[in-house]
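Two complexes, one shared chain (subunit A), two partners (subunit B, subunit C).
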Partner chain A sequence: MNMQQAIKMTAAETALVDAYTAQIGDLPGDGSVLSVRDTLVHELKTAGLPTRRVESWHYTDLRTLLRAVPAADPSAFADRVDALVTGATVLSVRNGHADVKGNAPEGVTIRSYTDSLLDGSAAAGLAVLGSDDAIGRINGGLVRGGLELSIADGTELEDPLEIQLVQSLGQAHTRFPVSFGANTKATVIERHLSTNSAESLISSVSDIVVGEGADITWIVLQQQGAADTHLGQIRFDLAKDAKLHLFLINAGGKLVRQEIHGKTSGEGADFKLRGINLLGGESHTDVTFTLGHNVPHTTSTEIIRNVVFDRAKGVFQGKILVAKDAQKTDAKMACNTLLLSDDADLSAKPELEIFADDVQCGHGATVADIDHTQLFYLMARGIPENKARGMLVNAFVAEIVEELDDEPLVEALESVISTWLEKHA
Partner chain B sequence: MLEIKNLHARIAEDGTEIIRGLNLTVKAGEVAAIMGPNGSGKSTLSYILSGREDYEVTEGEILYNGENILELEASERAAKGIFLAFQYPVEIPGVATMQFLKVAMNEQRKYRGEDELTTPEFMRRVKEAAAELKIAPEMLRRPLNVGFSGGEKKRAEILQMALLEPKLCVLDETDSGLDIDALKIVADGVNALRSPDRAVIVITHYQRLLDYIVPDTVHVLYKGQVIKSGDKTLAHELEANGYADIIEAAA
Partner chain C sequence: MPAVQETIDQVRQIDVDQYKYGFETTIEVEKAPKGLSEDIIRFISAKKSEPEWMLEWRLDAYRRWLTMEEPTWARVNYPKIDFNDIYYYAAPKGTTGPKSLDEVDPELLKVYEKLGIPLKEQEMLAGVQKSKIAVDAVFDSVSVVTTFKEELKKAGVIFMSISEAIREYPDLVKKYLGSVVPPTDNYYATLNCAVFTDGSFVYVPKGVRCPMELSTYFRINEKNTGQFERTLIIAEEGAYVSYLEGCTAPQRDENQLHAAVVELVALDEAEIKYSTVQNWYPGDKHGKGGIYNFVTKRGDCRGKNSKISWTQVETGSAITWKYPSCILRGDGSRGEFYSIAVSNGHQQIDSGTKMIHLGKNTSSRIVSKGIAAGVSENTYRGQVSAHRKAENARNFTQCDSLLIGDKCGAHTVPYIEAKNSTAQFEHEATTSKISEDQLFYCLQRGIPTEAAIALIVNGFVKEVIQELPMEFAVEAQKLIGISLEGSVG
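On to the complex of A and B.
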C-alpha cells in the first residue's frame, strides 16, 4: 500500500482511529501487544483505508465503500441461538465477547484470546500479512476477544464445534487462533450472524494450523444483517498430509470482504475451497483468496458459485502461487456465476503464478443466465416458471453443498440456502 | 381432443418458417402416429404443442378440448394434461429425481385445485409405477437424468407420464436410442396408458415402434404440412417404399 499521508481522513477512517483512541487504557494487551496495536493504528491513520489503486482492493474500494462506522456499544446485548446442527458444541461469542465457560469436548483446550493479549503471547500473531492487509490492521488494532483452541494429537471429534458469533449492533473485533494436532479429525463451523437490522462493523480473523495427517472441515457461514459490514479473514497452514476442506457461504451483509490466505508447508497436503455467494439487494461481497503451494506434491481445488440478484455486486479474486521447488503441484480453480438481473454484477479475477515446471494447474470462470432448456423441461412438467427458476438456482449451488459428507450439516446448509433464495428470488 | 387449424410457426430467433399450414385432428382415445423425413417439422410441432418459447406461431390455432392454448405457459398446458416425452430428456444436476417428481405432481394438482399428495401416497405411486417400468430405486436417487443411459432416460420419461396421468401424450422419437428390450418396456408403458379419454401422438421416423404401439391413424408430415393421412397400413407402406412416392404425389 502506498504510504503517503492521506490528505483528509474519511468519516470511517476517523471513526476507526477515534475508536482506538477512546479505548486506550482499556484495550487488553501487555506492552508488546500495545506496541503492535499502536503501529497498526498509526499505519491506518497514515495510509488510510485501501482504495482501488491498491491492486488487491481494486474491485472493492474500501475507502469509498465504507462510509461510516457505528460506534462500539459495550452495553449492547445479544442472545445466543440454537446450534446449526444438533449435537454441536457451541462456543458462544456475543458482540465480540467470548464465553469460555462450558464443557469442552475431550482433547480440545479452549482459552480466552483476551488472556493471550493480556499476557503478550498473542503479540506475534497480530502482525499483518502485508502492507495491503487492511483487515489485519483494523482487527489487530481493535481486537478485544476471541478464542484460542488447540486440539490434541489424535483427537477425533464426532460432533462439530460451532463458534457462534452473534452481533446485535456496534462493533466487534475477534480472533481465533486454532491449532489442530497430528491426525486429528474435526468439523468446525464459524458462524456469523446478526440478530437485528441495526448497523454493525465486524472484523474477525481465524488463524488455522492443520497438523500432520489431520483431516479438517471448516465452514464459514456468514449471515450478517442487511446493514452490516463484515471483514473476515481466514489464514491457514497445512502440514504434511494434512487435509483442509474450507467451505464458505456468504448469505448476508451489506459490505463483505472475506479473505482466505493459506499455504501448504508439508508434502501431501490437500486443500479444498468451496464457496457459495448468495448476493442480493445493493450489497457488495468480495471473496479474495491466495494460496501458496510452497512444497512439492500438494494439491488444491477451488470451486466458487455465485448467484447474483438485484443490484448486488460480487467479486472473486483467486491467486494460486506455485513456488519454484513445488513440483507435482496439482491445482484447479473454477468460478461459476449465475447473473439473475440486468443490474447484477460480478468481477472474477483468477490468477496463477507458477515458478515450478512440472505442475498441473488450471482455472476457469463462467458467467451465465438460467439454462433455458432446463427451464423448459421443468415447466413442461407443470412447474410454474418462478418455482422452476428457483429450483435451478438452488441446484446450481446445491451440487457444491452435497460434497460435504455429513447429512445433518448438508441439510442445515441447504435450508439456509433455500430460505435465502425464497426471500430474494 | 386436439384440433390444429392452419398452423404456421417459425423459429423466434431467426424467423425461419418450419410449420406451414398444418391441419391435424386427434380424437380422445386415438393413437395418432406422425411420421416424416428429417427436417419436416415433427419435433417443432411437439415443442409448439407443449409451449416452448423458442417458436412463434404466426397464424392458425391449436384447440385442446375446445380451448385455444397458444397463450398458455408450458406449465399451464402441462397442468391441463398435455405431456411431452422428450426426444432428448434434459439432465439437471443438483435437482433430485424424487424431489422433481413430487414438485411436478403437486404443482399440477395445485393448479387444478386438488389437494397435494401426502408423502406416503407419493412414495407408493412412484414405487408402483417404477416397478412396472423396471426402473431400479437407485436410479431414482440420482439427480434428474444425470448419468442415465439413453434407455434409462426414455423409461424415466414414461415414468413421469404414468405418474402425471396426462390426457394428451406426445412422444417425440421415444424409440431413438433404444434396444429392442427397452423398446418393449417403453411400448408396454405407453399401451398401459391407452384409454378412451386419453389421446397419444407418437412421433417417429420408423415403423418399428408402431409394431408395439399400434396406431389408429398415421399422418405424414413434410415441409411443415400433413401431406397424407391414413390408417396403420400407411406406416407399412412408408416402411416398404420410403417417402419419395408420397411426397411426389402431394407435390
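On to the complex of A and C.
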C-alpha cells in the first residue's frame, strides 16, 4: 500500500490532527521533541489510521471503528479513587495530568514526564516501533504528561505501586518510562478508570526496562467506561536473568486496543503474560502481542483467556519471534476463548516466526462454549443452570489470577472479575 | 532439540541439487508471440476453438486484471515479474488438443516414460498389479493425451481436457466455471481466467463412484513459458472421485511462472479427494531459476454431507503461494487438509489452507507439517472461520514445523475466527507430541525407547502420506521416513 498517497481524512483523523494544531504552542517539548511530534502527526495525516489492510490491524480496522474523538477539556475534573489494595502507594494521574508531589517509597525516584519532554530527554523514546505503530504515533504526537520512574538497584518494594489513571471525559495522552534497576523486586499496578459515562479517548504508553536479575510483576487493569476508547501500549526490554510477569485485565471500554511489544536482551530472561479479557455489550477489544526472543536461553509463556458475551468482539494477535542465534528458546503461547453468545465474535492469530533450529515453541488456540459435561456435573448436584454457568466462567478466568503470589492482590482482582461477571452474565 | 541425523539425511536426498526431473526435451513447438494483450487472449481462444462467451469471459477477466495489484502479504520475496516477458501459449507443433495415444509424438511419450507416468492403458505401474489410473497429460499449454476416456465414459464419468469440455459440454462448464473461484478472486486467479490454456475437466454424475483414480500430469518444457492451467471437478449427488496431480519442469536459470486455478464442487453426499505431489523445478542451490508457483485451489462443499479433502506433498518450486481451501456450505459437510511442505536451498513456501464454515454441523481437520532446510523459508498460513449460522462447527488444526540448520526460517500464521458460540475450534502447534501411552505400549513390547519414538513420530508424518492414493505414494515414498523429531512448533 502506498502510504504517501493523499487520503481523505475521516472525522477522527481530522479531530486528532486538529487537536495537535490547536495545542501546538502549548504542548510541552523542546526543539527535538517538537520535531518528532511534527513528523508523527504528519505521518498520521498522510497514512491515516490503520485499516485491516495493515496486517497488524487485520481485525481492528481503526479507521472505521474510531468514528469520533472527544475534544480535550482542560477544565475537566476527576476524583482520585481508593487504591486497589491497601498499603499501595498511589501515583495519581487525573485526566492526563500527573501528580508528582506524593511521597515516593525508598529507592524509587519519580519525575514528571512533562519535564522530560521540556528538556528534550524524552525525544528518543518518542520514536514509533514501526510504520504500523498507530498508537505510538497518536501518543507521541499528543502526549502531555505522565511519570518517569526509576527504581534503584537492589530495591525490594513490599507494597505495590499503583499508577492510577482516572479519566472523566475528553482526551488524555500519557507516557510512563519505568526502569527497574538490577535485582529489584516490585509490583506495579497500572490502573485505567473512568469516573462517569462520558465519552473519552486515552492513549498511554508504558516503556518498561527490567534490569539484571530483577523480578517484576506489572498489572494492567483497564476498567474504562462503556463509551471510552483505550489505546494502550506496553513496551518492555528484559536484561540477563530478568523476570517480568505481565498481567492484563480488560474489563471495560468500548474500543480497546492493548498492545504489548517486548524483547529479551539478556540470557536467562523470563517473561510471563497472563491476560483476561472480559468482553460484553457492543465493545471491541484487541490484544496484540509481539515478543522477540533475541538471545539464547530465554523463556516465555503466554496465556490469554477471553470471555465474550453479548455483541462483543474480541481479538488476540500474538507473535513470537525467535532470532537466528536464540537457541534454546522455550516459548509457549495459548489463547482460550469462551464464546457465550451467537452475536459475539472472536478472532485469534497466534503466530510463530522461528529462525533458530534448537528451540521449543508451541502455541495453541481454542474457541468453545462452556463444557456441557461440566455444566451437567454441577447441575446434577442441584446447582441451577445460571449459577453453574457463572461458576464455570469464573473458574475459567480465575485460575489465572491465582498464579499471582500476593493474596490481597488476588482477592482484589477476583472481586473485579466477579463484579463484572455479575453485571454481564 | 535439533533435528535428528536421519531426518537431515532424508531431507538432503531431496535437496534442490538432487532434482531428477530437470531434463529438457527438444521438440518443435508453436508459440504465441511473447507478452500479454487482448490479441494474445484472442489467439489462445481461437487456438482452442472456443465459443464467443468464453472469449468474452477471458477478456473481462483480463480487463479487470489490468486494474489489480499484485498481492504482497505473503512471506515470499522475488523480483518483480515482467508479465510481458512471458510466452502465454506454447504447444508441441501440430498439437492443439489431445489425440489418441497412437497419434502422439513419440518424443512426447518418451518424456512421460522418463517421468514414470503411465500413458499406455494396458501398462501397469512398476510391474505390480495395481488399479488402473487414468491420466491427462498436459505439456506446456496443451493436453497431449487423456487415457481411459472411453472406459470412464461407460461409467458416465467425463474426464477430458478443459479445452475439449468447453467445446463439448459448454453448459456444464458455463454452469460451474468460476463459481468457486470467481474471476475477481485474486490477482493470479484473474490472470489465469484470462490466459488459461489447458487443464482437466471431471464430471462424475449422480451416484457414481469413479471406477479408477484420475490424474493430471503437468509438465512445463518451453523456456520463458508460463503455465496457466485450469481444473474443474464436479461430483454430483452421492458421487465419489479421487484425483491426483503431479508437476515437474526442466532445470533452467530463468524463473518460470505457473498460475493455476483449481475448482472443486461437491454436491449432496458427494466426496472429492484431491492429491498433489508438487515437484516443480526448485531452482539451483544458489537460488537461480525455479518455478514461481502461484496457485488458487478451492473446493466448495455445496451439498449436505459432502466432503472435500486436499492432500499435498510440496517439495518443488522456487516460490510456492498456495492455499487449498474448503467452503463448507452444505450442512454436515466436511473439509480436510493434509500437507507436508519441505523447503530446501533458497525455496520459499507460503502455504496453508482456509476452512470456511458456513453450514450447520460442519467439520474440518488440518494437519500440516513444514520442514525447512538450507536457506529456505517455510510458512504455514491458515484460516479457520465459523460464520454466524455455522452451528456446531468443529475444527481441529495441527501444524508442526521442523528446522534443519540455522539459516532457514519456519513460520506459522493461523487466523482463527469464530462468530458462533457453538463452534469448537482447537488449534495446536506443539513439539514432538508423543503420548506416554503410545510410548509405554511400545516399550512394553520390548522396543527400545529410541526406536519407539522413531516409530511413533514416523507414524505421525504418515498421517499425511497415507491420505495419498497408492499410485502417488511411490513419489512421496522418500518423505515417508522423515521424522519430525526436534520440531519447533
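FYI, the second predicted complex is superposed on the first by the 422 of 425 C-alpha atoms of A that agree within 3 Å, B and C clash if a C-alpha of one lies under 4 Å from a C-alpha of the other, contacts with A are read in each partner's own complex, and residues count from 1 in each chain.
Assume a residue touches a chain if its C-beta (ideal position, glycine included) is under 8 Å from a C-beta of that chain, and two chains touch if they have at least 3 such contacts.
Computed from a predicted structure; not experimentally measured.
Based on the shared subunit A superposition, would you classify subunit B and subunit C as clashing or fitting together?
Superposition result for subunit B and subunit C: fit.
Is A:L404 contacted by the first partner subunit B, the second partner subunit C, both or neither?
neither
So in the superposed three-chain picture, is A:A76 touching just subunit B, just subunit C, both, or none of them (first/second/both/neither)?
neither
With both complexes overlaid on chain A, does A:P350 touch subunit B (first), subunit C (second), both or neither?
Touch status of A:P350: second partner only.
By the touch definition at the top of the document, which applies to A:V100: first (subunit B), second (subunit C), both, or neither?
Touch partners of A:V100: none, neither subunit B nor subunit C.
With both complexes overlaid on chain A, does A:I383 touch subunit B (first), subunit C (second), both or neither?
First partner only.
Quick one: classify A:L392 as touching subunit B (first), subunit C (second), both or neither.
After superposition on chain A, A:L392 lies in contact with subunit B alone.
Rounded to whole Å, what minimum CA distance do you find between subunit B and subunit C in the overlaid structures?
Minimum over all C-alpha pairs: 13 Å.
Using the touch rule from the top, collect the residues of subunit B that touch subunit A in their complex.
50-54, 73-75, 78-79, 83-84, 86, 89-90, 92-95, 100, 103-104, 107-108, 111, 143, 160, 164
Using the touch rule from the top, collect the residues of subunit A that touch subunit B in their complex.
Result: residues 372-374, 376-385, 387-388, 391-392, 394-399, 402 of subunit A touch subunit B.
What residues on subunit C touch subunit A, complex-wise?
Residues in contact with subunit A: 1-3, 73, 388, 401, 403-431, 486, 488-489.
Using the touch definition from the top, list the residues of subunit A that touch subunit C in their complex.
Per the stated touch rule, the residues are 55, 58, 322, 324-325, 327, 337, 339-369.
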